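As written, the chain order gives the labels A, B, C and D, with residue 1 at the start of each chain.
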Amino acid sequence: MNSLFPTCILLAQAGDAGHATSAASVLVWASYLIAAALFILSLKWLSHPRTARRGVRAGEIGMALAVIGTLLMYEVVDFKWVLIGMVLGSLIGAPMAIWMPMTAVPQRTALSHAFGALAAALVGTAHYYEFNDTGRIDHITMAILAIEVLLGSLTFTGSLVAFGKLQELIPSSVKGLPNQNLINFSLLGAALLAAIWLTIFPTHHLVFPLLVLLGLAFGLSLVLPIGGADMPTVISLLNSYAGLSASLMGFVLDNYLLIIAGALDGSSGLILSIIMCKAMNRSFTNVLFGRIDASAVASADDVYGGKVKSATAEDVAMLLDGARRVVVVPGYGMAVAQAQHAVHDLFDILESRGTEVEFAIHPVAGRMPGHMNVLLAEADIPYDKLKEMDEINPTFGQTDVAIVIGANDVVNPLAKTDPKSPIAGMPILNVGAARTVVVVKRSLSPGFAGIPNPLFAADNTLMLFEDGKKAIVDVVAALKEAA
Amino acid sequence: MTDLEPKLFVFLLATFLGLEVIRRVSPLLHTPLMSLTNAISAIVVVAAIQVTAEGHSNFSTFLGTLAVIAATTNIVGGFWITDRMLKMFRRESSRRE
Amino acid sequence: MNSLFPTCILLAQAGDAGHATSAASVLVWASYLIAAALFILSLKWLSHPRTARRGVRAGEIGMALAVIGTLLMYEVVDFKWVLIGMVLGSLIGAPMAIWMPMTAVPQRTALSHAFGALAAALVGTAHYYEFNDTGRIDHITMAILAIEVLLGSLTFTGSLVAFGKLQELIPSSVKGLPNQNLINFSLLGAALLAAIWLTIFPTHHLVFPLLVLLGLAFGLSLVLPIGGADMPTVISLLNSYAGLSASLMGFVLDNYLLIIAGALDGSSGLILSIIMCKAMNRSFTNVLFGRIDASAVASADDVYGGKVKSATAEDVAMLLDGARRVVVVPGYGMAVAQAQHAVHDLFDILESRGTEVEFAIHPVAGRMPGHMNVLLAEADIPYDKLKEMDEINPTFGQTDVAIVIGANDVVNPLAKTDPKSPIAGMPILNVGAARTVVVVKRSLSPGFAGIPNPLFAADNTLMLFEDGKKAIVDVVAALKEAA
Amino acid sequence: MTDLEPKLFVFLLATFLGLEVIRRVSPLLHTPLMSLTNAISAIVVVAAIQVTAEGHSNFSTFLGTLAVIAATTNIVGGFWITDRMLKMFRRESSRRE
């Protein structure tokens, strides 16, 4: 090490800490260090319901520490705008948190990714022009910054579209143009070119807005044509992009806490999307660029033609009366119908009569990972009654009645039988093995995969055509008077 | 930007750690997981604060303020909703607190 | 960030890389980065026997990369001595690796910790004087360096003693002086004082050798009085010190790979010692500073007095003849007697007659974690027959014969019954629940805990007084002719 | 020594990661684990090489060379023995290779 070195370090430290003194800067990164540890613990504790809430506390404390540490760094400067921003942010965030119904969780997640990505993109942009003025931007920094902003902006629009679709602001009918993929690739290509250009000529500051625009456009055209059923996967993917972009910003700002938090966020997004793809037997490329060709889909008439038997709430009540073991299979429809509380009543009354009741949770039931668990937990159903697919599938054989509430694709036997169907190979809950299957939905219309479901025409299946909530309420009522 | 080396090491380790830890999260809690990681990654707020406070130009102050708003929204919303969800999970035995 | 900053960084980089060009230095840390990733994967893959060997490969490749990268850094300098050192090292290491009997693994581990610590201490020392000449050593660096060297030197002597005891070069009779703990604490205190002194006056280079000496002395006086049975715990503790010291060296040398590898090593040592302490129901302090007071120990006569029944190999063969389920409980004695291959023959002949045979592995059976597993694996016994304590304990009830081969403390019921005994509260294999228990050992002499074992006097226990290997060979022979 | 910050972060992460990963190692393999981590931590050899090669004084060259010897012994011995042990582990089904 050469003798110039230590002096440089001091400067470097001061540099790290912007306008702050070296001492203050140590305080700051010390707080960041602790925050990083707390964030990690937070995720470790989340692994089990018993410790999960402690995890949230840890995360909150870490966040508070980091923010306070940062504010300390700028005693001198007036941060009127910082405070204004934080107040406004809280005013937007709090109501969302308080009044948002649990059924809106998927949309909310998408929206928050949009916000996160927006913040990343904005900060990146600000830094570019800042550097640019002072003319201090080397090629490596520029390259990282460019990728950071690109990821940020495409995640922003992408997540917004996802939000729009889940919130049904954008009709899910919106499908891609014939040569959608071509468009996507050319947009992406152009964006990358712009990024490379900036890396070589960091000072060409007119290319920068172009980069941002291309990123935004790519995000739009990538997500717009994707079917609602694939949204959750896309959301998780975007989640990992948002994380990566935060991490890259950490690179640019010499902020290790940012690098870590971003990496943690990114890996969670990655893992969740992998889990979902596995559970749907799809590949990333297939989710992002694959289009389902309607031709392959068998027509509903062949499947259902006169074979569908429908039943009344009373019939179902009678079935349940005799049942020793009942398995409830919730799906997206339960969320739409907000039927979880009615389901809880059903659960209570059956348990009170000594019937064994369990819930079969398919990894991709609903519209996001763990969606059904949250709804049922909201309805105060103990989580040890919620069984994962692999655990419950073998038990359908000893099940008297399987009640499918607003689930469709996740119980569609075509996944096993028809290799050409869009859900071919997706592992399903084989409710068919139960003595009797009761399917609660409003009509024979398909689920998100848009295909008919032979289960509805099976001999041991009874359809209860009704809104999920009303149907269950009626069944419970019927059970009560029967008693 | 100071030199790349330590950052790549930190990134490498954090990614490995993230994959390790998150693979252990029970599927039961995947939704809270999403909102928690999301809240955590709202740590970009510190960068936003930096930009805003340093305020080299009105422009960057403006962008910074927007960023602070967006990030704070995620912090407040993220942690709060996660906690709301987790409060609901209870075992057969223990009653909900 | 101030404008001086980037230039400093370049200098810093060059600085990092010693005499090398910045470009070369990038090559070096790139190789370190990959090496770090490979080391992590190596440990991940070790978690299961199926992938374990891949783990070793990963580790080797990582190591090769790092070494080559480092050598690259010094094209210019002649590194005659480096090569000489590596050749000599290989000449020492290879024979050890090839000819070392598996039973010597514990000693070998202790010895290698000694080597690792030695290397750390030497490098630390070299750096101190180097810095000292050039007068470029700040207080923080000095503090870290001091701790690093202290840990290194105490681990060196400590591990050597551990080696000596396990190799029985040092009689395990060597116990501590009456006021041993006082001596230890004063040595440690003095060492810490020296470290602090150096931190305040880094240039007082005469204090440095003092620090080293105190470290060496402390290592000696800490480990010398510790009983053999506690050695493994101590070894693991020293292991974590060695790791920590390597990590600290990484701090001093700006070498992140060293920091990571050291931390990994340290945490493994820590976890193993925690596991062992749990399995022996001991605390660290108790292991390090606790002395077993002989008074508490019940006299052998009361325990055994005329109640011990001994048997011949033929008797045992007859027992086994009728048995449907046999559980073998190996202990340190099996290692001493090198009886594992004989045990394998017993396993084969019993299995061939349709007898169910399983092995009960106590977490601290033998002299190091996993000791028994390695020996039995060496004897080609499939690892799915090796059951952990919690798994096998409930099954002793349905076991016809439990054969205890050279195990003692880990099957000593006193752990449950006598709260005053040195192993009180240590979870044990309750072989007593088996229909008949056969104990193979040479005499009634105690195990490492030095206490008698009521099991040997139990009604359903037969003693086979014989060297472990000979005993099993005889039993197998008897079984053969019986057939 | 360059500044402390990145190093503490790296140390923090590496320790967390180490604890996570090693807690998952089956007790079956605790002995190989010991010798493998030991071999890995023999990475101090790179530091030893540095000292020796830079050779600021005969003294440090001497110490460095000793360190290289010690570390190399662990590398060669450590990996080799670990592999020797692991070779021996086999499941009922698969025969030993």
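Quick note on the criterion: a contact is a pair of C-beta atoms (placed from the backbone, for glycine too) under 8 Å apart; a residue touches a chain by one contact, two chains touch by 3 or more.
Note that the coordinates shown come from a computational prediction; the quantities given were computed from them, not determined experimentally.
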Which chain pair shares more contacting C-beta pairs: C-D, or B-C? C-D
Measuring centre to centre, with centres taken as mean CA positions, what chain is farthest from subunit D? A
Between subunit C and subunit D, the Cα-mean centres are separated in Å by 14
Between subunit A and subunit C, what's the gap in Å when you average each chain's C-alpha atoms? 45
Between subunit D and subunit B, distance of the C-alpha-averaged centres to the nearest whole Å: 34
How many Å are there between the centre of subunit B and the centre of subunit C, using C-alpha atoms for each centre? 40
Multi-chain contacts only, two chains or more: what residues does subunit A have there? 5, 9, 12, 15-16, 18, 40, 138, 254, 256, 260
For subunit B, give me the residues that contact two or more of the other chains. 2, 6-7, 9-10, 13-14, 16-17, 21
Which part of subunit C faces subunit B closely enough to touch in the complex? 5, 9, 12-13, 16, 29, 33, 36-37, 40, 256, 260
In the complex, subunit B touches subunit D at residues 6-7, 9-10, 13-14, 16-17, 20-21
Of all residues in subunit D, which touch subunit C in the complex? 1-2, 4, 6-7, 10-11, 14-15, 17-19, 21-57, 59-61, 63-92, 96
Quick check: in the complex, which residue numbers of subunit B touch subunit C? 2-3, 5-6, 8-9, 12-13, 16
Within their complex, state which residues of subunit C touch subunit D. 12, 15-16, 18-19, 32, 35, 39-40, 42-44, 46-49, 52-53, 55-56, 59-60, 62-63, 66-67, 69-71, 73-74, 77, 79, 81-82, 84-86, 88-90, 92-94, 96-98, 100, 102, 105, 108-109, 112-113, 115-116, 118-120, 122-123, 125-127, 129-130, 133, 138, 140-141, 144, 236, 239, 242-243, 246-247, 249-272, 275, 361, 363, 368-371, 373-374, 377-378, 380, 382-386, 388
